[in-house]
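Naming follows writing order (A, B and C), and every chain is counted from residue 1.
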Amino acid sequence: MTDKSHRTAGSRGTFRAISGRALQYICIAVALFWTVAPIYWMISTSLKSELEATRLEPTLIPESPTFGNYVRLFQGDLPFVSFFINSVITCFLAAIVSVVIAVPAAYALSRRNFRTADQTGYLVLVVRMFPMIVLLAPLYLILLNTGLLDTMFGLILGYTTFGLPFAVWMLKGFIDAVPVEIEEAARVDGYRQWEILLRIIVPLIYPGLVTTGIFVLMEAWNNLIYPLTFITSIEKQSLPAALVLTFTGQFKTDWGGMMAASAITTLPLMIAFFAVQRSMVRGLTAGSVTGT
Amino acid sequence: MGLPKRLVSAALIAFVGLSGTVHAEQVTLKFANWATAEGATRDGMEQVISAFEAENPDIKIESESIAFAEMARQLVLRLRSGNPPDVAQVAGNDTFALSSTGGLEPLQGYADKAFLDTLKPGAYEPLMVGEDLIAFPWNQAPAGLWYNKKLMEDAGLDPEDPPETIDELNEAMAAIREANPEVIVLGIDTTNRAFALQANWPWIRAFGADPVAAGGAESEEMQAYLGWLRDISEKGYIDPGRKIGEFRPLFAQDQVAFLWDQVLVQGVIQSTNGMSAEEFNAHYGVVPMPAGPGGKGYSFEGGHQLVMFRDSQHKEAAWKFMKYLATNEAAVKTYTIETNRSIPPAKSVGDPAVAELLDTPVIEAFSNDIIPTISPMPFGPEFAEYATVIMAGVQEAVTSDRPVADIASDIQNQIGN
Amino acid sequence: MPAHSKQASSRRAGGKAPFLHWMVLPTLLVLLAIIGYPVVSTVYLSFFEYNLLDFTPPEYLGLDNFAQMASDRIFWISLKNTLYYTGGTVLVSMLIGTAVALLLENLKGPVWTAVRALVVSPWAVPFVVVAFLFRFMYMQNGGIVNDILLDLGVIGNPVSWLNRADISLGAIIVANIWATTPFFFLLVSSALSGIPDAVLESARVDRAGLWSTIFHIKLPFLRNPLVVGSLLMVISNFNDFAKVWVMTQGGPGYATTTLVVYVYRMAFERFEIGYASALGLIWLLLLLLVSVFYIRLLWNRQND
C-alpha cells in the first residue's frame, strides 16, 4: 500500500509527486506494450485465415477470426499431439534426472568435504560452458553405438549434457545458503550423511530444486540442435524442432499455422512457469546472493 | 518371471520363422525421405508405400521421416557410422556430396540403357559422374518465370507477351512498379541457403558469368549480374531475404507480379486461393527465363532423386522400390503429380488418366520450353562453400552500397580459383 | 578459499579428507560419459584435417587449423558478432529489466500482479518461437513493424530489417532483448524484495532522495544477483543458435554470423570437422576467460 518513491517525492512538492507518478505509469505502459505486442501479434495472426495472415497490408485485428489453424494442427497429417507429448516427456525427465543426480554432488561440493572439491567445482563450471554444438558429432556417435539414437532416452541424455552441470552449479548456490550449523544437531543425533542430505537439506532447498528443475526444463524445451540431430524419425520429434521442420517445407510458409503452432508450443512453458513463479523468485535470490 | 517369458518368445519366433519359410524371405528396406516429414506430402507418400508393399509382399518398407533441411547431414553422419538406410530421397547438391563420399551404389548395373532411354532427354545425364549413374531421377521440378496476367494488364502490358529478354523484363518491372507501388515486382530467393544459389545460378549464367571458373567471380559478367540485382533492389522490385516459399501465398493474392519459381507453383496457388485449373491458367502463365546479355536464359533442376547405398543388404529389392517410385504409373499419379506437383522423368505414360493430368499448359511449357534450358550446376563437395560465399556476396549486393567490384573480388578471394 | 577449507576440516574432526566424495561420483560418471569423450575427441580433432565427405583418414596438421583461424576473416567477423550479440543483449536487458523492476517495485494489488505476470511472459516463449515471430514481424513487405512505423511516419520506406548488413544484427539483438529482459526483471524483483526493511527504513529516515536510495541502498544488494544472472545469460547467449539460425541463417553476407552459426555451417554443411573442432576449442577458452572474470568478481565481493 505504501509507496516509498511517492513519499520521498512527496516531501518536495505535490506537483513533482504527481508528475513523477505519471512518468512512472508512462514508463510501465511502454514496457507493457513492448512485452505484450509481439505476443498479441502471434495470437492475432494465429486466428487469421491463411490469406489474411500473409497480406501485404496486415490487419491489426483478425477480420474473420477462425480457429482453423489450430484445428488443422490437430487434424493435419502430422502428429502434432505426439510432438507435444514427446517434448513434455523428454524435458520433464531431463529436468528430474539432472536435479536428482546433481543434488548429492552439489551438497558435497558445497560442504567441501573432499580434497578435490575446488577442482571438481571448476570442472563442472567448465563443462557447463562447453559449446553444445561442438559436442554434437561425437555425441551422435555415442548414441548410435549404444543404440540410443532416435530414442527419447538418447535425447534426455543429450539434454543432460547441459542440464546436469547447470543443476549442480545452481544447487550448490542454494545449499551454500543453508547454514552448516543446522546439520550439527542432526549429526549429534547420529544421522548419516545421506540422511542429513535427504531429511534436512532437501526440504530446506525445495524451492531451489523446483527453480533449478524449471530452468533445466526451459533450456531443454528451447533446445533445437539436439532433437534435430538425435531424433531421426519425425514421429518422435520434439515440438520446437518439429516447428522448424514442418513449417518451412518445400511448398510454402504458412504463417497462420506457424503462429498457431507457436502459441501451442509456448503454452506449456507459460503454465509451468507461472505455476512455480513464486518459488522461483525466492529461489533465484537464494541461489544468486551467495554466488559461486 | 523372466526366463519362461523368454522361452515363450523364443518359441514364438521359431514358429513364426518356420511358417515364414513357406513364403519368400521378407526383406525390410529403410527408406529415408522427407516426403513423410511434411504435412503436405506425407499422406500421398504413405499411400504409395502401402501400394508397393501390397504388390510386393516380400518387401517391407520402413519409412524414416527426415526433414529436407536435415537430410544431407543425417545421411553423411549415418554413412560415417556405418548405418545408412537402403534408399534415400535426395536433391540438389546433396546428391553429389553424398556420391563423393563413395558410399552410394552406382545404378547403371540396375538401370540398363533400354530402360534409361524411356526417360526424357536430359533427365538422367546430369546424374552421371564419370561412368557411374549416382542417382535415379525421381521427379523433375525446373523453374520458370511465372507472371501474373492481371498485374501485367493493370500496368498496360500485354499479358500474352511476357518478357523475352532481361531488358524487356526490366521495362516490364518498371511499368508494374509505376502502376502499382504496393506489390512485390519480382519474387526471387536471395537467402543464403544452398537452394538459393541453385535458384540464382541460371540468372548468373544468363549474364554470361561462371563464378566458379578461374577468375570468374570477379569477371565483368558477374559484376553485371550483381549490379543488376543491386539496381532492382534499390528500385524496390524485389524483397530481399524472403524465402521462395514465403512469396507463394503472396503470388496467390496478386501481390507478386513475376515469380522465379518451380513447377509446383500451380498446385500451391490453387490450394491457397482455391482457383480452378481454368481460372489459374487465365490468371497466371509461365515462360522460360528471359534471355540475358549472353543471348540465352536458363533454368535449374529442382527435382528429387533416389539413391541406393553401397552397404545395403537388399540391393535388388531396393532397386525394385526405386524403380516403382519413379516410373510406376500409379505411383507417379499419386505422388509425383498429385502430391509433389512435379513432372515424372518418363518420356511417355500409357495410362490415359495420368497422361491427361500431364496435359496442361503449365506442364507443356515446362516440358517443351523450359526443361531444355536447364543449366548444369557446379555440384560437388565444394558447392556448399560456393553457395555460402556467392550468396553472401549477392546479399551484400542487394542490401548494402558497397561497390559491386569490391564484393565480386571478395567472392573471388574466398572461392580461391 | 582458506576460510572454507578451515570450515570443512573443522567439520571432519580427525581423519584426513578423502580425495573424492562418493556423492559427486554419479555426476562425474555421467559427465565423463556424455561430455568427457566428446571433449577429448574435439581437442584431438582440432589438430587434424578431417572432412566427413572424403573417406580418407584424418590428416595430422599440428597447429595449422589455428593458424588458418588467425587469417580467417569470417572467424573474426563471427567472433565480433558474438561479442556484440552477447554483450548487447545482456547489457541492455539488464538495464531494462532492472529499471522495470524498480518501477514496479512498490505497486501492489491484483492489477499490478497481472502487469508483472505480463511483463515476465516473454521468458516463457521458446527461442524458436521468438525467432519465427520476429522474423514474421520484421518482414520488409507485410511485416507489422514496418506497417506501424510507416503509419506513424517514422520511416518513409519499408525497411528490410533482417536483410541489411548494417542493421540486421541489431534487429536480432532487439528480439533477443525482448526474450531476455524478463529474466533480469524477475531476478532484480526478487533481489529487491530481499532487501531488509530496516535498511530501507533508515534510508527514509535519512531523507535520502529517490535516486540516492536506488544507487546507494538498493544497487549494492543487486550486485551479486546481477553478476550471477549475467553470467548465466552470457553463457546462454554464446550458445544461442535458434534465433539467428531461424531469422537470418547468419546473413546477409556474414553480418549476423555468430560463432555458433559459423561452427554449425563448418561442421554440418561443409563437414570440416577438424576446423570446426579447432573453432570450438578457441570458443571454450574464450568462455573460460569470461568465467574466470566473473568468478573473480564474486570472490572479491565475498572476501570484502
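Throughout what follows, a residue touches a chain if its C-beta (ideal position, glycine included) is under 8 Å from a C-beta of that chain, and two chains touch if they have at least 3 such contacts.
Just so we're clear, the structure is a prediction, and the values are computed from it rather than from any experiment.
The chains that touch chain B as well as chain C are A. Each of A-C and A-B has its own count of C-beta contacts, and the greater count is at A-C. Distance between Cα centroids is largest for the pairing of chain A with B. With each centre defined as the average position of its C-alpha atoms, the distance from chain A to chain B rounds to 38 Å. Chain A and chain C have Cα centroids lying 14 Å from one another.
Residues of chain B in contact with two or more other chains: 73, 77, 184, 246, 250. Those residues of chain C in touch with two or more other chains are numbered 141-142, 268.
Residues of chain A found to touch two or more other chains are 54-57, 137, 244, 255.
Touching chain C in their complex are the following residues of chain B: 73, 76-77, 80, 97, 100-103, 184, 190-194, 236, 239-242, 246, 250, 381, 384-385, 388, 391-393, 395-396, 398-400. If you check the complex, the residues on chain A that touch chain B are 50-51, 54-57, 76-78, 137, 140-141, 144-145, 228-229, 232-235, 244-246, 248-255.
Residues 1-5, 7-9, 11, 20, 24, 27-28, 31-32, 34-36, 38-39, 41-42, 45, 54-58, 101-102, 104-105, 107-109, 111-118, 120, 123-139, 142, 157-158, 160-161, 164-165, 168, 173, 180, 193-194, 197, 218-219, 221-222, 224-225, 239-240, 243-244, 247, 255, 258-259, 262, 265-266, 269-270, 272-274, 277, 280-282, 284-285, 287-292 of chain A are the ones that touch chain C when the two sit in their complex. Interface residues of chain C facing chain B in the complex, by the touch rule stated above, are 51-55, 139-142, 157, 160, 162-166, 248-254, 265, 268-271. Across the interface of their complex, chain A is touched by residues 1, 4-5, 7-8, 11-12, 17-21, 23-24, 26-28, 30-31, 33-35, 37-39, 41-42, 96, 99-100, 103-104, 106-108, 115, 117-129, 132-134, 136-137, 141-144, 147, 178, 181-182, 186-187, 189-191, 193-194, 200, 204, 207-210, 213, 224-225, 227-229, 235-236, 238-239, 241-242, 245-246, 259-260, 263-264, 267-268, 273, 276-277, 279-281, 283-284, 287-288, 291, 295, 298-299, 301-302 of chain C.
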